[in-house]
Amino acid sequence: MSNDFTPDEMMTIAASRALKNDDVCFVGIGAPSAACNVARLTHAPEITLIYESGTIGTAPSVLPLSIGDGELCETAVSTVAVPEMFRYWLQGGRVTIGFLGAAQLDRFGNINTTVIGDYDRPKIRLPGGGGAPEIASSSGEIYITMKQTLRGMVEKIDFVTSFGHGTGGDDRQKLGMTTLGPTLLITDLAVWRPDPVTKEFTVVSMHPGVTKENVQATCGWTVKFADDVEVTPAPSVLELKTLRDLKARTKAAHAAPSTSGANA
Amino acid sequence: MSNDFTPDEMMTIAASRALKNDDVCFVGIGAPSAACNVARLTHAPEITLIYESGTIGTAPSVLPLSIGDGELCETAVSTVAVPEMFRYWLQGGRVTIGFLGAAQLDRFGNINTTVIGDYDRPKIRLPGGGGAPEIASSSGEIYITMKQTLRGMVEKIDFVTSFGHGTGGDDRQKLGMTTLGPTLLITDLAVWRPDPVTKEFTVVSMHPGVTKENVQATCGWTVKFADDVEVTPAPSVLELKTLRDLKARTKAAHAAPSTSGANA
Amino acid sequence: MAKFLSIRDAVADNLKHGDSVAFEGFTHLIPHAAAHEVIRQGFKDLTVMRMTPDIIYDQLIGMGMVKKMIFSFAGNPGVGLLRRVRDAVENQWPHALEVEEHSHAAMANAYEAGAAGLPCAVFRGYLGAELAKVNANIKSIIGPFTGEQLAAVPALRPDVTFIHAQKADRKGNVLIEGILGVQKEAVLAAKRAVITVEEVVDDLDTHTNACILPHWTIAAICVVPGGAHPSYASGYYDRDNVNYIEWDAIAADREKFLAWMDEHVLKATPEIFAERVRHLRASA
Amino acid sequence: MAKFLSIRDAVADNLKHGDSVAFEGFTHLIPHAAAHEVIRQGFKDLTVMRMTPDIIYDQLIGMGMVKKMIFSFAGNPGVGLLRRVRDAVENQWPHALEVEEHSHAAMANAYEAGAAGLPCAVFRGYLGAELAKVNANIKSIIGPFTGEQLAAVPALRPDVTFIHAQKADRKGNVLIEGILGVQKEAVLAAKRAVITVEEVVDDLDTHTNACILPHWTIAAICVVPGGAHPSYASGYYDRDNVNYIEWDAIAADREKFLAWMDEHVLKATPEIFAERVRHLRASA
């Protein structure tokens, strides 16, 4: 155990713990590829990581800056074309965990990464959904990870980029989906799971030192807490070392100064 | 010029002459891969030959026994999976010439390779269409080659495996096809082209020594002859040597006796 | 997760009476050894599918194991007709055979749709072709943008797919090289895939974009050297063309066929395949 | 049939004002040199498409050459937002930009359908996703066998596709290795394809199932070493990550952007790309 860690590190490590050795994890744009790789480097060495660039079974030594970095391909079992990736591998139902981030999230796990404001006259034009709409519907289940802020965790998202549980209950089944949807939300403060019936995200565990007031103060909806909220185990020395080594290797690899004389 | 050739050799060589250097030729099962390769080895060295096994731009030194022989792949520019072959390469409209054979053929270039007799109670169950139904509709134009017999060239085929010109006229356009369909029939006796309006196959050239009576005697419908029926130029020495060398190499390669102790 | 098993155990563990099953291979890498093991274990009422059923389907059908065949070209490649298939279709011997017949384009698209988890394949096909009149599984849809009518066929989703491949690594990742056929699609479309391979190696040692099936897409891997004979395995041994020609005479006669099957399949073992290809390895 | 041309001539011969055009590349092999040549030649009213528009689309849009963008993820990979795209969408600078927005699955399927000569792509997608409400080109069809509702989008058929690839042989066959993206599909879907390559070689010297575009599918091939910089060309040079980070600051300010474009694009030549990657070659 270590007491010297940041909320961000706790979030990544808590997310990594949810991944299993036999998971096939689709790491979409914006998703915590750090969590997936910490899992791979600690308790889940056989986990299959798939990036939407077509790389299947990657094992990068540094975190990719983009989802198509060369090392993903060099360490992959196989690299396929992107249409095949979306048809055979995602739509084909082979992904057990889709890992998504969010610019805006609501209590039912619906995600917005498209626009802040009105779609036709956006206040902020975000990058868009990328792979997320179909990751959300085709993966066996969805893990979401994001830092808590009042702007990010909102009562009503401006645009439903990726469908979570809709308005809760059996909304997914009504749309013909047979996958579980969001089953886990990991923030920098807490671990949340959907209520079995209403599907509203409920805090089941808070990270060491975090209070219910902290969680509510950074969440735009009225937070539901489980009857017995546990304390998330602090990062182990190995987990923390693995994450920090990975980040250090990544920083060194990406910070090499350009001497090309012109960028872009 | 040579006078020492068989009708079969004349047929293959006449077919080879119809192929051009910039053609992309889809060589289906049962088709005269001999004609395609004689063209490649004589006047059309740059012709692209595609076999439905996925081999694009092959240049075999012997004729394949099957459409998936190893040499097709070894000499190909690229070998792709069969679904891609039918989607990107054939359906994608990249094939200029589809080359088909036939068990039964009618005067409008409709082909049967499915059954003799009734479909549900066939007298002879033939292999079936394979790639032919879509080769017939997706290739820029179709060349057909077959030996003339009363059983093969019939008034009415028992089953329309591959659509030619239907009942003639603009039947293809009525079905939404934008490709030309059969534009050439080469038999062991003659060269036929469809009438521009009725689309009925019409003899435009007879091979050396062949008479109109010979053609009619081996064709089950009343043959139309062009006003000026030409004489097909006899095989050149080079054409004949190329074909015979190819066949000799093929025979030697395929006749190697098995010493495996058990076949199949 | 792929288990390394004997072909006997892999067949027994994964196939049941009445299953739908694909033995795929497009001239190259045809899984003869797997088919022979299935015949030895005496399964009944199988629905078999393949684009190009050839000798092994002649054998399965002639031995009375098949209720229905889904196919697009049933021939002895380079030789002619399949005489056991003909006898079943024309004379119901040893019993009637239901056929669902497609074009190659339809079958290839249907496996692709199966691999892609779709209920059906959509393509431009069967225009003017009479198969659409005799096969109720050929339907059409109207494209919602241009109004063009396109063909639709159900996705193929076999219970079990058998294929033969060149090699596996020790984790069970399998490499296919050369003429690929529809094998990757047939494996990904299946509920369970059983793959025979020439050998197991430490490192697949191939191209980054080569056709590789990850170990977690495979139920069982069986090392059966020569398991594709008399078809071929690129890099290992050549096609044994003479065997295809000889099959025509064997299959032409019911008694001769049964005697051949008894001697070369029922009383044989998977180990004979290694011996069969010994003389073909030098030239490959 | 592929012609070997300078990138100047290839752009001039193949692109027209008002064309629809794809510059594809999925992080790997992004055709920067081709895009810069298009910018220098000053085309107008282009409809540009790409799954992952990044810096070059920021540049094309910021320079006012684009009427409409079809896309699924518009970000600076690993860095953040595209500031010129945002300025066009949020503030109509330098003019309004029409957007047609899809998911990656839709775009990938739409290129695939374009390559396959189909009018539309059919897939399982957009379930519950709000894009289907704001994009009239997202429709649905009912599968005729199971009754499942599937998504349909129009096939993508650009007038011109630009890609960058590793190498061509002397006949003009082009090899792409590593992360393949949708480049093969984008080329086969296009009316005309222009490909920049690192080099021309006697023999592509690769795997039999590698991704190769035959010469007769390509309009023009241009040798532009370094033409993918600051993205990378596997086997030739690494990704220049710092450039992506620096772009964020350049694109944040209209004047700074215009000055940069003037110096590094308008007054530059395709030959500068070879120099740009010189320091990156050693580590690749």
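Lettered A, B, C and D in written order, each chain numbered from 1.
The rule is simple: a contact is a pair of C-beta atoms (placed from the backbone, for glycine too) under 8 Å apart; a residue touches a chain by one contact, two chains touch by 3 or more.
Bear in mind that the values here come from a model prediction, so they are computed numbers and not experimental data.
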A student comparing B-D to A-D should find more C-beta pairs in contact for A-D
Distance in whole angstrom between the CA centres of subunit B and subunit D is 40
When centres are defined as mean Cα positions, the distance from subunit B to subunit C in whole Å is 27
Within subunit D, the set of residues that touch 2 or more other chains is 112, 116-118, 123-124, 148, 178, 180, 185, 208-211
Multi-partner residues in subunit A (2 or more other chains touched) are 73, 79-80, 87, 91, 138
Which chains touch? The pairs are A-C, A-D, B-C, B-D, C-D
So, in the complex, the side of subunit A touching subunit C is made of residues 22, 24, 48, 56-57, 73-74, 76-80, 87-88, 91-94, 138
Subunit A residues touching subunit D in their complex are 29, 52-55, 64-70, 72-73, 79-83, 85-87, 90-91, 114, 119-120, 122-134, 136-138, 159-163, 166, 171-172, 175-177, 254-264
Per the touch rule, the subunit C residues reaching subunit A in their complex are 1, 112, 115-118, 173, 185, 188, 208-212, 214, 216-217
In the complex, the residues of subunit C that touch subunit D are 116-120, 122-124, 137, 139-146, 148, 150, 152, 154, 177-178, 180, 206-211
Within their complex, subunit C touches subunit B through residues 26-28, 32, 51-52, 55, 59, 71-75, 77-78, 81-82, 85-86, 89-90, 101, 103-105, 108-109, 111-112, 123-131, 134, 148-149, 178-182, 184-185, 211, 229-230, 232, 234, 238-244, 246-247, 250, 260, 263-264, 268, 272, 275-280
